[in-house]
Every structure is written in structure tokens, then in C-alpha cells.
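Could you have a look at this structure, given as C-alpha cells, before my questions?
Letters are used for the chains, namely A, B, C and D, taken in the order the chains are written, and counting of residues starts over at 1 for each.
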Amino acid sequence: MIAVAQFGAGRIGQIHARNVAAGGEARIKYIIDVNRPAAEGLAAAVGAQVTDADSALADAEIGAVVIATSTDTHADLIEAAARAGKSIFCEKPIDLDLARTKACLKAVAKAAVPLLIGFNRRFDPSFAALKESLDTGRIGKLENLSIISRDPAPPPAGYVARSGGLFRDMMIHDFDMCRWLLGAEPVRVYARGSVLVDPAIGKAGDIDSAVVVLETAAGVLCQIVNSRRATFGYDQRIEAFGEKGMLLAGNREPRSLHLWDGNGMTGEKPYYSFLERYAEAYQAEMAHFFAFVAGREKSLRVTAHDGLRALEVAEAANQSLKSGQAVEL
Amino acid sequence: MIAVAQFGAGRIGQIHARNVAAGGEARIKYIIDVNRPAAEGLAAAVGAQVTDADSALADAEIGAVVIATSTDTHADLIEAAARAGKSIFCEKPIDLDLARTKACLKAVAKAAVPLLIGFNRRFDPSFAALKESLDTGRIGKLENLSIISRDPAPPPAGYVARSGGLFRDMMIHDFDMCRWLLGAEPVRVYARGSVLVDPAIGKAGDIDSAVVVLETAAGVLCQIVNSRRATFGYDQRIEAFGEKGMLLAGNREPRSLHLWDGNGMTGEKPYYSFLERYAEAYQAEMAHFFAFVAGREKSLRVTAHDGLRALEVAEAANQSLKSGQAVEL
Amino acid sequence: MIAVAQFGAGRIGQIHARNVAAGGEARIKYIIDVNRPAAEGLAAAVGAQVTDADSALADAEIGAVVIATSTDTHADLIEAAARAGKSIFCEKPIDLDLARTKACLKAVAKAAVPLLIGFNRRFDPSFAALKESLDTGRIGKLENLSIISRDPAPPPAGYVARSGGLFRDMMIHDFDMCRWLLGAEPVRVYARGSVLVDPAIGKAGDIDSAVVVLETAAGVLCQIVNSRRATFGYDQRIEAFGEKGMLLAGNREPRSLHLWDGNGMTGEKPYYSFLERYAEAYQAEMAHFFAFVAGREKSLRVTAHDGLRALEVAEAANQSLKSGQAVEL
Amino acid sequence: MIAVAQFGAGRIGQIHARNVAAGGEARIKYIIDVNRPAAEGLAAAVGAQVTDADSALADAEIGAVVIATSTDTHADLIEAAARAGKSIFCEKPIDLDLARTKACLKAVAKAAVPLLIGFNRRFDPSFAALKESLDTGRIGKLENLSIISRDPAPPPAGYVARSGGLFRDMMIHDFDMCRWLLGAEPVRVYARGSVLVDPAIGKAGDIDSAVVVLETAAGVLCQIVNSRRATFGYDQRIEAFGEKGMLLAGNREPRSLHLWDGNGMTGEKPYYSFLERYAEAYQAEMAHFFAFVAGREKSLRVTAHDGLRALEVAEAANQSLKSGQAVEL
């Protein structure tokens, strides 16, 4: 059993801790969180103890850390864990600042410790099956990729102000999916955005609706659509079109019930939150991390480089949004 | 061009006449109907003239007749047309009485004229594709057949009283589909029925909701469900289950629009009436008839024998309903 | 925390034990199984100890038992647990014999302990939503119920011989769903069955394909279709038709991926096994049981009486199958 | 009955002529085509006579003309028909050249005759229902529009060379749908295109795969995807996302058959050609034109201005494609 120190006992931290516990390959030894009651509650639930960062990292028994704290602490914790020689899982993003991200990754490289960035969507069973179908040639050469990603409801304006903006906070997931599914780097980005959902988001200096077009050197085009609000729930769909056909990974509904009546046929809404939609993805992500740490997986599905590249695309999107023109990468 | 005399200028008669006209293989020369204005209206629309039955059948140019009058006139008109040596299309049923049906078919056999009974569902593109998939072995040996058939709204009680009852009037279509798809004769029938939709139907001595189980000698089971009312429209579905898989022919919707909102996903209602749902079937049925008359088709897809057998199954269902027990055929 | 003794460490026992452990309301204290290594393996996984039945039931700390052993031991274990005053969860069926079942339930009634029978499908989110929609009048008065239930692959012939036959082993689940959804007792049963899937099942004296028609006093009809094999996976669907519309609970697929190519549109197969299809149902069932034991639920969703009635319907179906005629209940 | 002169007896001409004939409001009096046998064949089929353009336009009985000839003749024929005071239906586009288009529309305006441009997709029942749902507020304020439009197979390279390019030949339909559904003019266009399907198209100076992003002054974004080839058939889908929900008009399949087997669930391919997919749209378009000519419709659903504006957007897309940057309109 791998002993784990987990940083962060918030909403996503609770998901990760329970998945680690249920996975059977590792056990949470320490929970670290500035919110002491939250740390204690989660520690009790998973049989861990509460401690501070230094003590946890100083414990030689600790083989891996799970970082699920607020974004501004990620880079420091990654560096500290890397110096301590721990295997690292960290929620996206590494940092909102590109230079800080690069410095952090340099430290990780120097320490030569594994780092898995939490781009959870790569572990979603439907998206993973789409990727596998692409790789096995089910639709031949990929020609167009469409990613639709809408949150059920906008975040509070306070969150928006600290978020780094829609491209770095929300669409970064889609940039990662895009790179992963294209199997090639985007060389050109055109980004447009509007404030259509909530004026408070505009006042906070951000957008809430966006369309981005990415392009590979081979001329494969990918369009990404984001919105901060969808009344029907969490809208997460991908279409990959190729020379032999098209793959569609649609939304997931919690139930299979349909009603036919005078209004037509009514089906269920998709899952409302990312916690429900990606519950299986979070499990698979953590299982993958510990399988790698335990030596059963040869390579990590998401690398530190992926974390950096997604941020670079987001930066380019921000530039394009400002200039109104396409940006070469 | 085959010259045609059509009997009946009502709702289904108008469908048939226009399909004959548009088909390009035949032309309606005469329309015959006791309702003179209806006959004249339809004759004008398709470039035909109004006449009476005897004159029409005496015209040697007439090669085929289309019979779309009320049920009680079918057998007499079939016999008269047979004596006159015409090719015959007749709406189902031949007659509500088994003995009368047999006598009529004897006359047809004696005259050796072709007779196509209007079991239109065999010509529906989806059901025909299901049949073809069965015949080409897509699901291997057939093991179970499920036929769901519901009208959008109950007929007037006056119609019910003259209809011959649900089994001879409505489920007779499903008995025909069952025989056609099973590719074998049912040897046992169990029928149950209730009055759940409209008490007036019960007062008229009929049922409005029914389930019938049919069985072949090989033990293949087929269940048929009927209702005289479905709020969402015309419910016409077939499921064929076999050793290698299952074929489902679902309802057809007039549009492909879906709405996703706080109520879930709402799709369109199926077609409301048989005229819309089976518009293509009526065209294909008429095209098939004239292709046969013109010598391009070797055999009729529905025979007089099929008309008789469906009625015999309906009779057996009536017996079973009365006795409460299964009836051997 | 309620202390639990679990009997049975086989496939379904493992599911139940893990759900108890994850539920947070109870803890498995003892595992009892004649297969000692299985008992030890499961005990280790959930932090329990291995013991024998008498010791477990003699422990006053034990508040509840979970019975997941082979069918022939259910009645004895229920009686022993009842005498010891424990709350009881038991997998279906209580016993294959009606008299033995009644005697057992008498003992339970005398001891006045709660007994939840594991008709897991009542806890499936889609079927539970269908039931709730019925109860809240979404389709008005129920007029027809259709239950389709097919296993992915036939059981070994050895299992069949001990199973009590298709009606008591497999369709008993559907009889329970039928009673639950109809909200009324069936008063008449007509059952037909065939051996179409595997001749070995016929040699073992059983059938592998069946259609049963049930009927309430009010004339509501319910048809149930079973097969021991479906190439595409576990086929579990329910259609409820009523005066205002129709509710359909369809199969569940593990992924939302669709491929469009020259073959048409290809979607995923449904879940293959009952363990996957009903994973959420097993969780909800166990959560319901312990919520009742803990006093938070006022009544059990499945009662001992439900277990008895389903068996009585199965017996009537067996009679009907033998006689070839409908049987009054 | 309105007497009609139809120019063009090719594939789309045959569709229009038969729809005019079946519509019951007008009759084709003349067919004009440089391909004399084609003209004669179609004339015979619809009871018309063959003549030349001057004679047809000189006939005072002719109330309307239908222009279904090759694109390079449209503007001249429109002008001639306008001078003769006829009501005009013309296939899109008016002309590939913007200046020529404007001159032609000036002539139409001067003659004050009605001109309906054949943007047939506005008459498709599913897209028309989507538009109506937008207009009646089903999804509130529109925020994003996605148009997917793929041909089943690429045209011959010879056609491509004369076509005016993908934006003026193919995506012009989508530009029109975009303007129609947005209910606002695009003010900014970003267009990217590639040769991924057929190198011969590249050699002919065109692209075969494209993504275009359009934007209104209010910040509503619309992305359009085109490909000249889709192995599964004619891919014609629209998604409209708004503050209250989302409307999806999906592809249409000719049959409702699904197969479930070891490969999953396989459904039908969509219609393969525009003639099948838009059969109802062509009927509705012609019915609308003659209803307007007959005075029963107050306004034309597509105006000459719409024809001009779609071409202007296509021109801007061509500029953007060349410059690599967004273009203001």
C-alpha cells in the first residue's frame, strides 16, 4: 500500500480521497488543509490524520501526494513535493502564469519525479473510447473536431475574478482534449468571446461565452464552444469527423426513462455537475496514477508538458481575443 | 398505361387514386362512388370520369380495379371484377364473415385473376427492411416477436358497432404482420381484451384494449398489444428477437427537432394518423400492384390466402376472448 | 453504526458487503461462508472477521444480517436470524417451495423483525423513476404494462436443474415488478414457454424462452417476455402505457459513444451483466435497508409478503405452462 | 391555375416541375432547355410543351417562371423574366459575381416583380420548426449557433472549377441559414479551409473542408462546418443554444429500423442525397412561391436581398481565407 499525503479537503479533495481509499492500492495517511475542520472531517472519513505540509513531506513513508488545493498554491506544493522525491498528482492548472508554470516544471524535471496533471476528461469512459476508436482507425484520418463544453450555471463573480479567465479556467480542459484527440499541436488559434450570460462576469473582466478555432499544421480544424450556463445541465460533447466516418460522444443521463405524451417524447436531463458526470473519470484517473506509481503502468496518460501546453494555448487564445485576429503558436 | 376503375372516393380512395396517378404506370379512367359529389371531386382531380359499377366493369379497356369502398361491399365487388376478368386491388378485409370470404375467394380462384389485399404495413419501408433483415439472417433464427399497435384516438361508437370488433377491424393488420414476419402459421391463440379507453365502445359490444399471444408449432411466441387511443400519436412498433440479435422498427416522427431544457430532452411526436405514417407504404403498395399487373413483378406480396388466414386468426382470437382460454388453430 | 453479520461471500455477497461498508451507516462485523477462503478474503477487504452462524447470531451487538447464500439455505437462516431478533435482508427467493416460504414468513411475523427481500430492480434509478411517474399521474390511469427481461447468456445446465425453473428463478423478478408497477394483484395468468436457446435446458426439464400475460381485476393487462440469452447484453426494459401517455425505461449503456459510417449509426451495447446494470440498485437497496433499520425510513419498499406473492404468481405460471390454459389466482 | 414557364429540365428541374404539377395551384405550360431531349421528356411527363425562352416570356398567359438552369444563366433569365413582368422563382445563387448580382437585383426592383431565391433549407420541416421555436422564445435569447453541413461525396473536379468555390457554391446555404436563424447580420467573419478530402479539389484551386466563425454586433457567435464528403450520407444538422435551452435539428433517416447485436445498436444511415433529404423542402418551397403569387401569402420567406447578402458573406469568407485574418462586414 502506497502511503499518501493529500493537500486540500474541499469538494474535489473529498472525491479524490474517497477514490484513493476505495481503490485498494494506496491509503491516505495525511490530510493537510488550512481549513482545519474540513481536514479533520475528511481525515476521519478515510482513516487518515491531520498534519501540516512540512511534516507530511518529511515522512519518508509517504510515496505520493495528491494536490487538490486552490490554484495559487499548486506550483509551490508541486515544487516542495518534488524536492521531497514524492510522486505527484495535481489538479489542473499548475499555475495561471506561464513563467511560474515553466519554473515549476523545471523543478519537477530536476527531481525526476512523476507528475500527473488532473485533466480528468481523458479518463471519462466515453471520451477514452472515442480516443481509442480514433487510434484504431475507426474513422480513418481525422479531419475535423468539435468540442462542446458548457457549465450548468455560472460561477460567482468573485470566483471569476480570481479564475484567470474563461480560457485558462474552463476552456483549458478543452484545449487539452483538443491536443490529445488531434494527436498534433495546434499552430494557429482564433478566439472570440462575449458576455451573454451574466453582466457581472463582464464587470469582472471576463467573458462567459466563447468560440475558438484551432488548426494543426496539416490543416485539421477544431472548433470549441464554451458557455458558463446551460439550463439543461452539464453539456459535454465531442464530435470527431474523419475520412471513414464520425464519432460522437454525447452527454450522459442518470436514468433511461422516457415519457411519450401530447408534448412529444421527453427524456432525462444530462448529469448536472462535473462531480456526477465525471465520477467514473475521477476514479479512473486516480487508479491510473497509483498503477503508475506502483509500476504497473508504463507511462502517464497526462504529462507535465500537457499541463504547460494547454496553458500556452489558453494564453494564445487570450491574445487572439484581445487583438481580434488569429495568433500563430 | 393500364386503365383503372376505382370504387370508392373516400379518404383512403383519394390516397389510392393520387398514388395511381403519380405512379406513371396506370391511369384512373373511372371513379365509382354512391356519394356522387365525392366521386366527381376525385374524378376531376385525377382526370377520370364518374360512372357506375356495371359500366366500368363492362369496359374492356379496364385492366384493373381498385376497391376502396366500405367493407360490406368488398366481396360483391371482388366477385364482379373477377367475373369481368380484371386484376383486383382491394382494401382489407375481404369480408367480416369467414364463409362469405371463402366463397368470394373461390370465385377469384375460378376466374384466375390476381387479387392484392391492402395489408399496407407490409409495404412500410421500416417494416419491409425488418422483414428483409430477418430473411437475410441478420438475427438468425427468430425466437420472439412483439407487435405494438395503437391508434391515436378511438373511432366513433357508430363505427365500432359496424366494424366487426377490434380483432377483425384493427388487430387483423397485426395478425397479418405476425404471419408474414414469423414465416409460419400460428397454431395457438390466447386473447384478452378490456374496455379501458371509452365506455361507449364497451356498450357497442367491443373492447378497446387487447393483448394476444400467438404461437407457432416450433414454439416461437408473438405478443400483440392494441389500444384504440395513444395520446402521443399513432404507435406502430415491431421488435423481432432472435438467436443473433434483435431488430426494432420504431415509430416515425415528421421532424428531427429536439429541445433540451430544464424539462430534459423533448423530441417530436410520431405521425398522428395512418395516412401520414403509411404514406410511403400506400405508394409502394400501389406501385407493387401495377408492377405485377404489368408483368414486372413475379408474385404478389400479399395474397388472397393471406386475407383469409388473417381473418381466421381474428375469429380464433374472438373465440379465445369469449372462452377465456387458448384456442388451437 | 449498525453491526452486521453477512452470510455468503460469493459474487453477490461481495457486492453487498462493499456497499454496506461504503454506505457509512453500518459495518460488517462478521462474514460467514462454508467456503472459508472466500469468507476470509471478503472479511479482510471490509475489515470484518470470519465466524460461524451461531456465534454471529448470538452476538448481541449484531443488529442486522445480510443473507446472500445459496437459495436452499435462505429460509433456515431467516428463521434463525428472526429468532435472534435481528433485522434481516435476504436475497430473493425466500424458498422455492411455497409451503416452506409460508412457514418461514410465519416465524418472521412471530418474531416481529423487519425482513427486506432483495428484489433489487425496485431500486434501479430508471425503474424507480418510472414508478414515481406512475404514482404522480404522469400517464394517468395505467392500461398496459410490458416487461422485457433477457439474460445475456444461459446459465450452466447444472444451475438450471437446481434453479426451480425459469418462472421461479428468473421471471420472479418480473412478477415482482409487475405487481409493484400495476399497484394491484394479478388475478389471471397465462404462461407459454419454449426451448429455443439451449437444448440442455430442455433436458434439464426447464424452458429458456417465455411469454406470460397477467391481468388485474380491472382488466389491466401485462405481458412479460423472458429469454435466457441476448447477444447484445442484458436486456431490461419496461413500458407502461396509460390514458395520458407512455413511460419507457430503456436499457443502460456504459458509454455514450456513437459511430456514424457506411454501416449507419452504431451505438454501444447495454451493460452485459446484472452486476453492472444494477450496481446503483444494489447500493440503493442496501442504503434503504439500513435507513429503515436506523429508523429514518418509515416502511420497507419490499416486504416479506411481496416475496411470497411473487412466488405464488410463479407457481400459477408453472401450472398454466403445464395445462396450456390460463389459471385464476 | 397559374401558367408557368420552367427553364431547365435537369435533376433539380425535374423535382420542381413535378412539385408544381402535384401542387394543384399552377401548371407547367412550357419547358425550356438547351438539351432538347431532356426538355421533351420532362414536358411529356408534366403535360407541358417545349419552346424557347423568348416565346415563353412573350406569352401573356404565363404568370410565373421557374429558373433551374446552370448558374451562369440565372442573372440573364431573371432580368428577362422581370422585364416581361413575370413572378420569378430562381435556384441559388443569382450569380457568382457580386456586381452582376447587384445589377440583376436592380432590374428586378425596377420591374417590381416578386423573386424567390431557392434557399430550400428554410423550407425543411425540421429547420422551419427550429426557426419557429426560436421565434416563439422556446430557448430565450439565442447565444450560439452551430451549423454542420457535409455532402455525401465530393463533386467532380470539373464542377469544382466552375463552382465559384466552396463558400459561394456550398456554404452559401449555411450563410443563409445563419442569417435567417440569427435574425441579425454577421458583422465579422473568420474562415479557414483545407484540402483533406480530394487533392483534385486543391488542384482546381478550391478547398473541401472548412470552418467559419460569424459574429453579430451583439456578440452572438455562429460556427459553420463544411466537408465535401461524409461516408454515412448527407450530414445536415443545426444546434441553436440560448439562455433557456438548446434546439437540435438532427439528420433524417429513411427508415426507423435498429439492429441490436454483438456490435451494439446499429441504426440507419441518414438520407444520402439532397434530393431525398430535402424532398419535403422542395415541395414546401414551391407551394410557398405559388401561394404568394396567388395572393394567399403576404410575404416571401426568402427575398432577393437574402440572395445578395449570402453572397456578400461568402465573399468576405473568401477574403478571410486568403488573408488568414478575420474580416469585418
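Odds and ends about this structure:
Definition applied: a contact is a pair of C-beta atoms (placed from the backbone, for glycine too) under 8 Å apart; a residue touches a chain by one contact, two chains touch by 3 or more.
Treat the numbers as computed from the prediction; the structure is a model and nothing was measured.
Two chain pairs, B-C and A-B, are weighed by contacting C-beta pairs, with B-C ahead. Put simply, the chain farthest from chain C by mean CA position is D. In whole angstrom, the spacing between the mean C-alpha positions of chain B and chain C is 42. The centroid of the Cα atoms in chain A and the matching centroid in chain B are 57 Å apart. Annotation for chain C: residues 231-232, 244-246, 260-262 touch two or more other chains.
Residues 22, 24, 45, 125-126, 129-130, 133, 138-139, 244-252, 254-262 of chain B are the ones touching chain D in the complex.
Of all residues in chain D, those touching chain A in their complex are 141, 143-144, 146, 148, 150, 190, 192, 194-197, 209-211, 213, 215, 218-221, 223, 225, 227, 229-232, 235, 241, 243-246, 324-326. Of all residues in chain D, only 231-232, 260-269 touch chain C in the complex they form.
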